[in-house]
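Two complexes come next, and they have one chain in common, chain A, joined by chain B in the first and chain C in the second.
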Partner chain A sequence: MTHLTLSNICKQFAGTTAVEDFNLEVEKGEFVSFLGPSGCGKTTTLRMIAGFEVPTTGKVTIDDTDITYQAPNQRNVGMVFQAYALFPNMTVAQNIGYGLRIRKESKTAIKERVTEMLALIHLEKKGNSYPHQLSGGQQQRVALARALAIRPQVLLLDEPLSALDAKIRVSLRAEIRAIQKKLGITAIYVTHDQEEALSISDRIVVMYEGRIEQVGTPFEIYNFPQTAFVASFVGTLNTAPAEVVDPAKHLLKIDGVQLESAEMLEDKHAGDKVTIAIRPERFNFIAQERKANILDCQIENITFLGSVVRIQLLIGSNRFYMDTFNNPFLELPKIGDKAQITCSREAVLVLKA
Partner chain B sequence: MRRGNRIWSWIVMIIGILYFFLPLLATFIFSLKAKLGVLSFQAYANVFHDPAFVYNFSYSVLWAISTIVVGILLFVPTAYLIRLRVPKLRSAVEFITLLPFVIPAIVFVFGLVRTFSHPPLLIVNSPALLIAGYTVLSMPYMYRSIDTGLRSIDVRTLTEAAQSLGAGWGSILFDIILPNIRVAILSGAFLSFAIVIGEYILAQYLAKPAFAPYMAYQIQQKAYEPAAMAIISFALTWAAMGIIALVGRGNGQAQVGGGH
Partner chain C sequence: MTALDEKRDAPLARPAPHKMSWAWLGVMPFFLFAFLFLIYPSSTIVVRSFQDSVTHGFTLKNILALFDNHYILGAYWISIEISLLTSVGGGIFGFLLAYAAIRGGLPSFMRSSLMTFCGVASNFAGVPLAFAFIALLSPTGLLISWLRALGYNPYFHGFTLYTFWGLSIVYMYFQFPLMVLIIAPAIDGLRREWLEASENLGASSFQYWRYVALPILLPSIMGTMILLFGNSFGAFATAQALTGGQINLVTIVIGSQLRGDALGDPGLGYAMALGMVVVMALAITGYTVLQRRTERWLR
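Then we have the complex of A and B:
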């Protein structure tokens, strides 16, 4: 059942288009991330759901109720900010209970809900502390509890982990996801960190220059990017200009080397110029006889990245990367060596223009 | 070289302290000489026993408190909304708040008298005009203190956080903004208090009872009591400053964001 709908949303600021023709349907209990670089319109879209910005055109509905022009304090939407935004003059418990106090709930009900929320974020003993007495991670957990305490219809999170260090970011994102699943709440999460979006989301909306580039599960976004931008923004990707050789047989050519793809090329003609993309981890050194997708290359550089070894290769005039698991018993080629690599036909993606 | 610099710093500082404290010390010693041949607090006793002092000083305190209340009600929402909604106006408003420093008080008071002494704005005899005038005179201190307080908190994000929890403008101002700029407001309030207590021209020309005109009158009549009143006035101002420092130290305003 569709819970949150954004229909034909456009937002302009003084003649500049920040968001353009944004359409999205979010199911109840779904965790959707808006992913994109700075200035792509993801936060503006989130702020339109919260009511802090009014769309220039388009409609925002929650459970079929049009909330496009409703004031932020009239919507039942919880929000977690990058800067925590805890009220410095209030204790943790008062912060969590503030929304309920505004709703004029009884003192007993507020106390019960605050206790429940403190248990949810594992800060039972911090109720009487002030925000400045907590670490950044603890403050953000309190901010999450405060947003959840009002039982919002939708939870909005605006880059909530950006101000935290790497280790806390990883543990807190897992905690946010666990809490969201436990409560079954619909969540919209804004981030520019692809790893964060891939690890936490049910679906990802990749945005660029105010437009949706692709909507899909993390698996789809990573493995089957539909545009050159998604391909370049999510993960590392080798891209190269190619020429269609035989659309019926899915044959392409880069620098004179023939490649077979699994992609449908019916709309292409022989000689058409396209861009192909291959993930670094989809390459292998040739271990056995193969008939297709054999690429002669020269090793340019080898970089150890912990569990992965990244090998920089030159294939014709194209510089590619290949990732292979770090196996101390596997003999790697040396810089300057000539080698042959291959990839499956499914690994050769043809990007949309 | 560095040693020489340090010596010069000390010399300049000592000259500054002497320049400020010597006249004050002389006034204080003079105020103790009301009784012939002995140092006593007789002049102070005379001041406190004079019903006119109590009368005029009480009125000054009343004007000061009214000015502070009006100032808070006027400047907190103004500074808040300018910061939140029209930050481009900040520099223009800052310029306006400095006008009381530029326009002489005597020009200001005659402007008030001329404007408000005939219908439909015949309020020249009302205490409201005096309080309004004092509010303008204290504006540089009050507005700028509040603005500085607002600068120390993330006004926009706190406002949006409160809105997302269902708070309206009244709740945001009273529950979130005011408590978090309390020290700044107190600072502006005490400075306003000191300004109003020592202000002469407005009260004199709008013919209202106040401490400064009373003191000016006493200077013409008596010798030691005005000196005692000057010291009392200084003591009050310093007490106000001390309270600001004390409250400010005990209430380090927590930052929004930061931490790790």
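Then we have the complex of A and C:
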């Protein structure tokens, strides 16, 4: 059943359009990420769900109740901010219990819930500490507990890890996901970090300049980007302008080099200009005889990235990256060498405009 | 990569040759300042308070005389009263003004001109301030003349500039701008996230003020009011110029003691000054404690 619905949402600030024609249905218990570069309207959309902004047009509903114009303090939506949002004058326990105190719950009920929340975030011993005595990661866990204590219908998180160290970011995002699954709560997670979105989400909404570019599972978003923007924003991707040679045979040409794709090209004609995209890890050096996708190239540079070796090469005048797993017996060409590489037909994506 | 780094860092890792450090020279002006303007005068006050002004021997006479003299106790009391009144009054007004300026969506140029005005006004004291108020609020002053022209003479309704209330009004003029200047950063330090988190958790704006904003600001407000108290407690020239010594503030009585006109006992004057130092020290301690608490919060 659809739990949270955003229909035809537009938001304009004096002159600028922050969000345009935003439509999304979120299932109960689903973890959805808004992913996009800074300024693309993620926060604005989230704030419309929380009630801090009112859409210029469109509707927000939770469980079929229209909350578009409801005041923030009338909604039952929990929010975790980027950083520094804990009340500095209250202890951890008082912070977590704040929403319940406002709801005039009994002292014993509040105490019980706070204890339960502290156990959930593994900070049982920190109930009497003040926020300034906690690390950044601990503060964000408390912020999460504070938002969850009121048993919200939806949990909203606005780049909650962006102020933390890389290492804590990775462990805390796993913890957030585990807690969300355990409680079965619907969550919307804003981030500009594609790796974060890919690792944590059930579904990702990729946004660009106020619009949805693509909605899909991490698998779909990574492997089948539908627009040039998604392709370039999520993961590393080689893109190059290409020309359709023979739509029936799925033949394309980049800079005179012929390529075969697995994509349907019925709507295209010979001579049409398109953009093709190939992930670096889909390239291989040619080991056996092949009939299609034999690409002559020149090695420009080789970089070790840990488990992966990234090879920069030129095909015609187009620069591509190729990734190959690192191992001690790897035989690599030298910089300046000519080589032949290949990729499967399926690896050659043809992007929508 | 690591080997290279080590090589590059090597020269720095060598122990520095022993050399006389001249760094202490840099803090000399501070110690000189502290000695000349803080340690020397206050130790003089302490020593002279316990010194017989004739024999120069040790005595408790001056200190005991403080508590024995209704005139002197009265002076302390009037000083404390006027300081309390103008620090609380100026504090509340200054806070509201600062809050309105910062959170009321005032255009930034107006905000900076308000701050500039406060910077100037908080230092506007002494003879020029007294004169300005005489020109405005004396029986022949500008504002009083206007009011008279409108058919209302405040002087017929118990108002005079040269009494306790008149002096309080004049003091307010440098008290509230000081409040604005000092409290503004604290109000700026209130994060939008706190208000939004509070609303998000179901609280009204009243509840936000009651449970979050006011508790966070209270130490700053109280601390600054203490500072205002000290500011008014130590003021001398304004009162002297305005009332010509008609209102017996501690500072005015000390002035006459030291000049030797009224009672003419310098030893008693020093003892009174010591009393002021004690009151001021208490005020500054209170201010420091409260300020430290907010700084921790508003980091």
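Some points to look at:
Quick note on the criterion: the second predicted complex is superposed on the first by the 352 of 353 C-alpha atoms of A that agree within 3 Å, B and C clash if a C-alpha of one lies under 4 Å from a C-alpha of the other, contacts with A are read in each partner's own complex, and residues count from 1 in each chain.
In this section, contacts are C-beta pairs under 8 Å (C-beta built on N, C-alpha and C of every residue); 3 or more make two chains touch, one makes a residue touch a chain.
What you see is a predicted model; the values in this text were computed from it and never measured.
On the superposed chain A, the two partners chain B and chain C do not both fit; they clash. In the superposition on chain A, contact is made by A:I150 with both chain B and chain C.
For chain A, the partner that touches more of its residues is B, with chain B and chain C as the two candidates. Within the superposed three-chain model, A:Q139 lies in touch with chain B and out of touch with chain C [touch as defined at top]. Look at A:R103: by the touch rule set out above, it reaches both chain B and chain C.
By the touch criterion defined above, A:M207 lies against neither chain B nor chain C after alignment on the C-alpha atoms of chain A. Of the two partner chains, both chain B and chain C are touched by A:G78.
Using the contact criterion defined above for the overlaid structures, shared-chain residue A:V92 touches neither chain B nor chain C, since it reaches no partner. 50-52, 71-73, 77-79, 81-82, 84-89, 98-99, 102-103, 132, 143, 146-147, 150 are the residues of chain A that lie in the contact sets of both chain B and chain C, per the superposition on chain A. The part of chain B that touches chain A in the complex is made up of residues 153-154, 157-158, 160-168, 171, 175-176, 179-180, 182, 252-260. Touching chain A in their complex are the following residues of chain C: 191, 193-194, 196-204, 207, 211-212, 215-216, 296-299. Of all the residues in chain A, the ones that touch chain B in their complex are 50-52, 71-74, 77-79, 81-89, 98-99, 102-103, 130-132, 134-137, 139, 143, 146-147, 150, 156, 163-165, 168. Taken together, the chain A residues at the contact with chain C in this complex read 50-52, 71-73, 77-79, 81-82, 84-90, 98-99, 101-103, 132, 143, 146-147, 150.
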